[in-house]
Structure formats: C-alpha cells, structure tokens
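Consider the two complexes below, in which chain A is the common component and chain B and chain C are the respective partners.
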Partner chain A sequence: MRSIEIKHLARVEGHGAITVRIEGRKVREARFEIIEGPRLFETLTIGKLPSENLSIVPRICAICTLSHRYASLRGLEKCLSIQVPEKTTLLRELMLHGEIVESHALHIFLLALPDLLGYPNAAAMTEKYSDYVIKGLTLKKFGNKVMEVVSARATHGENPIIGGFGRYPTNRELHELKDQAKALIPHAQSAIELLGPMKFPAWLDKETTFVCLKPPTKDYGLVGDSILISDGREFDVEDYRKVVNERVVSHSYAKRSRYRDAPYTVGSIARMNLLGNRLKGKPKDHYQQYKNARWKRNPMFNNIAQAIELLHALEKIQSLIDRTVDLKDPAVMKPGRETGKGTGAVEAPRGTLFHSYEVKNGRMSKVDIVTPTAQNLDDIEKYVRIAAQHMLDKGENDEEIGRQLEIVARAYDPCISCSAHLVNIVRK
Partner chain B sequence: MTNRRTAFVGLGNRDRGDDAAGLRFVDDLKHLNPNYFFSEEQGLEAIILEIIKDKDVEDVVFVDTCDFNAKPGEIALLRLDSIEETVSTHKIPLSMLMALIQTEGKKAYLVGIQPESLEFETDISETVEKALERIEDTVGKMLQG
Partner chain C sequence: MTHHTFDDAAKPTKRLLRIGIYGLTSCAGDQLTILNCEDELLDIFNSSEMKSFLMAKSDNTDDELDIAFVEGSVTSDGDLELLKEIRRKSKTIVAIGGCACHGGPQAGRELDRNWRERLKSVYGEQKFDIPVPMEPKPVSAHVKVDMMIPGCPIDKHEFLAALSRLVKGDTPIAINYPVCVECKYNENECLLFKNQLCLGPITAAGCNSVCINVNVPCFGCRGPVVEANVASEAEMLISMRHPHFPTRVHFSAEDVTNRAMMYGGAPMAELLQKLREVKK
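Moving on to the complex of A and B:
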C-alpha cells in the first residue's frame, strides 16, 4: 500500500493535511486531518459568567469571530430570557454581513481563485490577475471596516454585549459604510462574471445533503431558529443534535457530523440550494442565470455561491443601514433570570454554527459548540476520495493527484481553527 | 534598498513567543520613519493597498519568523521564488502579496528569522532577540544614513 500525503494544506485557515492510502489501483482510505490541537473552549468556559463566555468563545477563530459572538449572544439571551429590540438585531445582522464580505472576499479572490483559473499557486496567478487581488483586498478591508464600526474591532470586537451594544455606531459612520458598500458592488459583480461561466468536470459529481438555518421571514437570511434539510425535513434549533450527530475519529482532533448516517454540507452552496429562490434583485438574477442541477452534486460550485452571497451581502448592508438610522439607540436589556438553557445558531460564512448553553445560577454549566467546518469534514473526505480515485484511474502522478485533492478541499473554504473541537477521552 | 523608499511590514503574533519578532521590529524602529513602518496588527489588506498606491515606495520588506530549516536565530533575506505557498500571514498567502507588490513595479523581500520557540504566552527567546538586534542595527544604520 502506498500513500499520497499533503502535509500542509495551503490557502486555508488553520493547519490541515490530507492523506490518501492506495492499494494497487484502488483508494482504500481518504482522510482530511485536522492537525491543530483540541481547543478546549467548551471546558474553559464552564463556571464562568455568561459575559465572560461571550468574550472567550469568539477567540475560537479570527475570521469568523463575529459569527461566534452572535451565535453565543443568541444562545445566552435565550438562557437568560432576554429579548433585544429591533435596532440591536439589525446591527447584529449588519456585523454578520460585514463578516460575510470579509470572509468570502478572502476566499474567492485570494485563496480559491488560483485553483479556479488553473494556476499552480497564488503568486503565479497574481501577475496576470493583479486587479482581482486588489479587488479582493479592497473588499476584505471594507468587511473589516463594517465589523470595526459595529463591534469596535475588526477582530474579536467586544462592543456587542448581552442585551445590546456597549456603544451604538453614529449615523454618520453608518452612512459612510453604506456609500462604501454601494461603491464595491462592481467588485462583487466581477467575481460572479468570472466564476459563473466556469465549468467543472462531472467526475466529481455526487449527491449529498444540504443543511442551513431557515430565516423566520421570507428573505434570504443568516439567522433562524429552525434547521432546514434538503430532504425536506425541518428541526427546531434546540434539536440540533438530531442533525449533527457528532462523533470522534482517530485521525483528527475535530469531531465529525453525519445526518441520518451520511455526510452533509453546510455553507454558501447549502444556503443557495435551500434558500436561493428567496434572493432579490441582482443576486437573484445571477442565481437564476447560473444555477443548475449540479449545484447539488459538486462542491466546486460553492465558489460561485459565495460570489453571489458577496453581492447580496453588499446590498443587504445598505438596506440594513437604511432601516437602522432612524431608530433611537436602545438601552441594554437586562436578564430576566439566572438559570436557563438555549441554543443560538447563525449562518457563519462557512455554514451553520451552533452555540448551545446551560446557565445555572448565573454561571455557565454546559457549553456545546458545533462549527460549520467540523460538519463538512465527512463530505470533504467523501469528495477527496472520489477525486483521488478518478485521478488514479486517469494514471496521474502523485503530484497532480495531490494538487487536485487540495483544490477540492479548498472549495469548501475550511476554517480549521474552528473545527478543532473538544474531544472527550473516555478511559476504560 | 534606500532609506526613504523602503516600507517595512512586521508580521506575527505577540502571543506566540518568537512569532512576535516582526511586530517588535516595527515597535522598535518606526520612530525612524513612521509613515513607512507597518504592523500586521493594523490590517494587512489596508497596509498593502496603501503601499502599492504610494509612488515613493520602491522596496517592501516583510519581517517575520519563518521556518527555513536553519538553526534558531539564523536570518535569511528571501525573495518570492524562495517562499512556499504554505507561508501565510495567517490567512492571505504571503507569496501572493509579494507577487502583487512586484506586479505593481516594486521589489519585495522577506527577512526571515528562524524561531526557537512559538509557545503561547512566552516572550521572544534570547536567541531571536539577538537576531532581531542585528537586523535592527543594520536597518537603523541604513535609515540614519
């Protein structure tokens, strides 16, 4: 038996590796290994105050920091029986859409584009496509600015607090963001025009299941208390364990998820497949222009899904600001109780993120966090295996096989720091 | 490299031992030319966008700890073709940023220091401190003419 090893997966967040074991002409095993150690956040926050939990858990990641913070707020406010007013909700959605812009711009323009344009690495692509690199940096800078204005820092902002915000952005700050969002629409459009027509070979196609949150309104949204599955089922967010069914594997610090004993996908492509017909305006036009049945079978289409979401996010930022500026700054809402449980969920850039908590007498007593990348890992391995077998059948050399496997894994935009979840060790 | 036309960008993480070296470099020397010393903590995309627009900047030097299979404390001046894509500024490939800078008509270099330790919540090691002193001495003399 021989192995193909990609020891360090490039152009992803965090440290991951891929190993494929081959016997003769058959792939016997494909593994996506998370080599970042266990993060232990769910143990760290036990016994802490909810406000401390809120500051600790966003440190799981520096890219999806506000997704973690928002999911945590939703979970904690359920535990403590807090209902926040409209302006608070709108601003939290604004910061989440800022994170979508920042994260998707990074992935599309700076991490995935070399793969999609057929370049061996990012530097080789840059010579001919430097304008796209500049667009990506500009969009990323704007996404950071949105997060900075709302949460006080581009990374790990402390301004969103239980019950509200420490400080509300001024109307002047919001209007500036709105103008900048509008000016960046052509950048997002250029990504769609580049990625939309791209063709991907059918050999990677295989049906899978998609999962995302169902927004409470009829809009395309990132927040909800209901989990939508592509098999037609829906679950209340408190029943998330019936969807994620986590388990431990020996070759990775990240737990794995399976729905009805099969892998599934979360993220932009899941949201597009399940909610795409809720889009409006130009994003809807592009969705209708490019959507096809293979979006349900091939993870490479996650890239065009992200590009359409990027455009949607820039438009949504403007409409959220329009709704926010006329509202007065509300007071911070106080807890209604000290003991309770609740699950908060948001659609982070990479997919559905769950923060489930129990609070007893004002202290954290149970914490469970399930991240999007951890949920995707089984599906990533499935498609990596398909890719490896196909390349082997074609007679490709190990270097080319490895290159293709990296392209497949990168299409998911994995966030490895998030996925290195707590592993429980049971001694027998 | 000449003094006024070189931008320095310190990369790293203050919480991880020797990984703070690039940031310390900027802390220690930015008073010599404040508009041309940048710390990754300011936001790398904003820094790069500013640098490529600045017609006065001819050279860009990144300073960071990196693994080039050397003894701890050894220093290397690296060009783009020596850098693997796995070297990332925690997200954006450094090779892409260097390629972009070169595409915009400037030169890009990485001053790499082989680290001794990247443990969390530790200070910069004595070995890397000495390497940093050598780099700062050289750059300081260059800037002061």
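Moving on to the complex of A and C:
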C-alpha cells in the first residue's frame, strides 16, 4: 500500500489536505481533509445579542463575509419579525453581487487560470498573460469597492445592520459604481472567451446532483426561500436539514453533507445548471454559446460558470443601482418581537449558505450554520478519486498525480475556513 | 533556542527581503487584505523574495526568512508545529490580525473556561485522525512575537506602511491611541451620547473609526489599546454617571463583558479578570 499526500493545498483559502491511498493498481481511498482547527463558531454567540451575532459570524470567512452577513440578517430578521423596505433589500443584493465579482475574479484570474495555463501563480503568469492578471486585479478591486461603499469596508464591514443600514450610500457613490460596472463588462467577457473554448478531460465526467436556492422572481438570482434540487424536488429553506443531512467523519472538522445518501454540488456550476435558462442579454448569449451536457458531469466547468456569473453580476449591479437611486433612505426597522426562530439562506459565491437561529428574550439561544464548501466536500472527494484512478491507470508519477488532484479540488474554489467548523449545536 | 530580535531584520541590506506569509486558524481575512492591495500587489511580490504564501501561490519553500507575517490563532497542534517551525527559521515574526494578536473571536469565551465542554457539544465523542484541536490562543502565547498589526481584518494602509518601512530597513510605527482619537478627527457625534455600547475608548485605533463613521458602535475588533482603562469604561457604561449623558440607560456588567469579549481575546480577558478581582 502506498499513499500520495498533498499536505497543504495551495491557492485556496484555509487549510486543506488531500490523501489518496493506493493498493497495487487500485485507488482504495481519496480523502479531502479539513485540518484547520475548529473555532466552534456556533457556540460563540449563545447568550449574546443578535447584533453581536451579526458582527461575529461573518468572521467565519473573509472572502464570503457579506454572504454570511446577509444570510445572518435574513435568519435574524425572521426571528425578530422584521420586514425591511425595498431600498434595503436592493442594497443588500448589491453588496452580494459585489462579493460575487470580488470572489469570482480572484478565483478565475489569480487562482484557477495559473492551473489552466500551466503556471505556479498569477505573478509568474504575467510574463505572457499580464493583461489577464491586470484584468483580474481590476475586477477584484471593483468588487471590493462595491462592498466598501455598501458595507463600509472590503472585509467584515459593519454597515449592514438588523433592520437596515447604519448609513445609506449616497446616489453619487452609487452612480460611480454603475459607471465602473459598465466599463468592466469587456473584462468579464474576455474571461468567458478564454475559458469557454477550453477542453476539459472527459475521463473526469460523472453524473452528480446540483442544489441551489430558487429566486422568488423568474430572474437569475442569489436569494430565495426555497431550495431547488436537480432531481426536480423543492424544499422550504426551513427544511434545509432534509437536504444537507450532516454527519461527522474522522478526517474533517467540517461536517459532511449528503442528499438522499449521495454527494451533491453547490456553487456557480449548480446555479448555472439549474437557473442558466433564466439569464438574459449578454450572459444568456455566452451561456447558450458554451453550455453543453457535460456541465452536469464535470466540475472543471465551474470555472466557466463563474465567468458567466461574473458578467451577470456586473450587469445586475447596474440594474440594482438604477432601481435604488430613486428610493428614499428608510429608517432602520425595529424588531416586532424578542423571541422567535428562523432560517436565512443566500447563494454565496461558492454556493448555498444557511444560517438558522433561535432567539429567546433578545438573546441568541441556538445557532446552526451550513456553508457551501462543507456541502461540496463529498463531491470533491468523489472527483479526486476518479482523477487519481485515471492518472494511476495512465502510469503517471506521484508528483503529476498530486498536481492533477489539486487542479480538480481547486476547480470547486474551496473555502476551507468556512468549512472548518460546520457543526450543529443546541443549547437550552 | 535563541530568537533574533526585530533590530536584526531592521539593518539595511542590499539583497531582497525574504518574506513568508502564513495562516494558522482564522478567516484568512488578513491574507485576503494583502491580496486586496490590487494596485500594490505586483510591487509586493517584486520588491521582496516571496518564499511562501500558500493562499496565493503553489511554489512555496521552507527557506530561512527575514520576516514572517503570521495570521490566525493557534487552534490545533498542527498550528503550533507550523508556528514553531516559522519561529525557528524567521528573524522577525509580525503577527497580523486580531486572531494572531489576541486570539480572535474564537477566543471570545476565554473567561467562561468552557472550551472542552463546547468542543464536546459540537463533535460529541468523535475521534479525529487529523491535527488535535487546542484551546484558541494568540501567537504570543506560544512564541516570541516581534511586532503586531491588529485588526479584524488588518487595515491595508497600515500593512503597506509597515511593509514599506521593513523593506527599507526601518521600524514600523505602532499605534498607541484609542479609536476615539480618529473618531473625533472624523467629527462623528459620540455614540455613547446616543446610549450605544461603543468600545471606542478602549480599542486601539488604526481603522479610521470605520464603523462609527456609519453610525455603528465600535465592537473592539482591533483589541484593547495600550493602557486601556477598562475599569473606567465599564464603570461608565454600567452607571452612565457621566454628566454629559442625556438619559440614563444602564448596561449590565454582562452586556459590557459580552461586548468586550467579542474580539478582545486573551488580553481583554486578563483585563476583565483583574477588574473582577478588584471588585471582590
């Protein structure tokens, strides 16, 4: 028996490792290990105020901070019986799309493209592809700018509060964002045109299940109150446990998820497979140009799905701003009650994110958070195993096998800080 | 084992500074803030020898370093092993971010002394065959730290200023005044006057009072300022005896402790513990 170990997965956020055990010519086991220490987030805010919970839980992950904040707001406001006015909702959607731009630009241009073009990092890529590195950095900076304007800081901004915003962005700030979003459309299109024609290996193809939120309107979107599954079923977000079915395994501080006893995928590729036919305009054209049946079987297509979403986000940012600027700044909404429960969900850049809470007499009494990467872990293992067996059959050496396995894992854009402490806890 | 001091690294040198950027257990927000220096990123890579930056690149080495920037708290024996290895090979360790400097939100229950119980409530009796969890502690609880850049996350201007000085062989400036100083410069109305539980007076500045600028109270994410007068702040919040307060809203001692321990970690726990002992 021999094993191939990738001790520290590079160019991802957080600490993950891959171990593959091989017996003769057969891969016996492929493990995606989450070795980042557990921070026990769900235990940190018990007994604290909802506003304190709202500040702490986005610290689960810097890259998805506003997704966590929005999911948390949706859960907490259900608990406290708060309904926010249209302008608040539009601005929250705006910040979420800013995060999509930042996160997808970072992954596509700076973390994944080096894999697909054969470089160890983005700085090395500059020798031949400096225009793509610069486009990536420009897009990323713009995503951060959106988050700064709406949330007050690129990372862990505190401006979105329960019931509204501490300060509403000015129309001048919003118009500037709109102009910038418009100017960056060609950058996103160039990513689609680079990634779209790329050939991904057919030996990785394998059917899987996709999960994402169903937007309340007929548009492509990132927020919803029901969960859509590629087998045609639909669940209310309050029933999220019926989808995620968490369990603990010995090699991961992230709990694992299986839907109907099988691994599933969340994230861009899931949204594109389930909601892609809702796209309009330029994103629709690109979707129709490159979409093929293999998007349902091969996780490498997540890269192109992200690029199309990047373009969609830049267009959506403009339309959200158009609708926002005519509305008056509303007052911060007050809680209608001090005791209640509720689950909030949003589509984070990497997939469906659930925050489920109970508040008792104005204090947090139960917290449960299920993040996208935790839900993807079983599927990542499945595809890593397929890749390992294929490379082994081809007679590749361990170094090359390791390199390929990393590329497959990275296509999922795993966010390991997020997944390192996904646990249920019930406290009375 | 002898540790090199900060001064050793500060000597001007002709060769490029060998830098490593590491993450222990955290949200990776401080490393992300470095990657968020979009306009300066290529300069950062080009003005130094970037020996290791796992989040950003694949070709990392174990070489000796002039400066190691370390994010995250020590939360497993794997973290501790990596940290000791970094200390061994680095002339200077700069702790970046609230987790590395103070323990971070995960050290927020330091006063409750219930970490084992909480761990068990989450994972039950499950045995793991990966690094063993440890109670979250700041980096300085385990190795000598030469310099700290606090914040949740760090402020990119503060990081760039510190890095520029280090690259030139100079010493970065530590901020030793509270958030209130920056808040006054920004001409904000004091949130304490609006009966909001604001930790500005006891929190290290450097954030340009970013939260209070948008009417959100300071949660203390940069940790206690040097010589923070926690006793006075707690007394004031609990009794609201200050003549300037228009109404007398009282916060409980529990409210104040809960708030201060959101990001205060190990040093705040120590300050509050002393306060409890004095009260007795």
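Everything below uses one rule, namely that the second predicted complex is superposed on the first by the 414 of 428 C-alpha atoms of A that agree within 3 Å, B and C clash if a C-alpha of one lies under 4 Å from a C-alpha of the other, contacts with A are read in each partner's own complex, and residues count from 1 in each chain.
Criterion: a residue touches a chain if its C-beta (ideal position, glycine included) is under 8 Å from a C-beta of that chain, and two chains touch if they have at least 3 such contacts.
Note that the coordinates shown come from a computational prediction; the quantities given were computed from them, not determined experimentally.
Student: Just from the overlay, do chain B and chain C fit on chain A, or is there a clash?
Tutor: Clash: chain B and chain C overlap once superposed on chain A.
Student: Tell me the contact category for A:127 with respect to chain B and chain C: first, second, both or neither.
Tutor: In the superposed model, A:127 contacts chain B only, not chain C.
Student: Have a look at where A:297 lands relative to chain B and chain C in the superposition and call it first, second, both or neither.
Tutor: Once the two structures are laid over each other on A, A:297 reaches no partner at all.
Student: Mind working out whether A:62 is in touch with chain B, chain C, both or neither, as first, second, both or neither?
Tutor: both
Student: Contacts for A:250 in the overlay, against chain B (first) and chain C (second): which applies, first, second, both or neither?
Tutor: Touch status of A:250: second partner only.
Student: Would you check which partner chain A:40 touches, where first means chain B only, second means chain C only, and both and neither mean what they say?
Tutor: Touch status of A:40: second partner only.
Student: With the two complexes superposed on chain A, say which partner A:144 touches: chain B (first), chain C (second), both, or neither.
Tutor: In the superposition, A:144 touches chain B and chain C alike.
Student: For A:106, is the partner it touches chain B (first), chain C (second), both, or none of the two (neither)?
Tutor: both
Student: Between chain C and chain B, which one touches more residues of chain A when both complexes sit on the common chain A?
Tutor: Touching more of chain A: C.
Student: Which of the two partners, first being chain B and second being chain C, lies in contact with A:166: first, second, both, or neither?
Tutor: A:166 contacts chain C only, not chain B.
Student: Which chain A residues come up in both lists, the one for chain B and the one for chain C?
Tutor: 8, 10-11, 13, 62-63, 106, 110, 121-124, 126, 133, 137-138, 140-141, 144, 154
Student: Within their complex, state which residues of chain A touch chain C.
Tutor: Touch list, chain A to chain C: 8, 10-15, 33-44, 47-49, 52, 55-56, 59-63, 65, 106, 110, 114, 120-124, 126, 133, 137-138, 140-141, 144, 152-159, 161, 165-167, 248, 250-253, 406, 417, 420-421, 423-425, 427.
Student: Using the touch definition from the top, list the residues of chain A that touch chain B in their complex.
Tutor: That would be residues 8, 10-11, 13, 62-63, 106, 110-111, 121-127, 130, 133-134, 137-138, 140-141, 144, 154 of chain A.
Student: Within their complex, state which residues of chain C touch chain A.
Tutor: Residues of chain C touching chain A: 23-33, 35-36, 38-39, 41-42, 45-46, 50, 54-60, 74-76, 78-79, 104-106, 108-109, 115, 118-119, 121-124, 126-131, 133-134, 136, 152-153, 210-211, 213-216, 219, 221, 255, 258-259, 262.
Student: Quick one: in the complex, what on chain B touches chain A?
Tutor: Spelled out, the residues of chain B in touch with chain A are 43, 45-46, 48-49, 52, 80, 84-86, 88, 90-93, 95-96, 98-100, 103-104.
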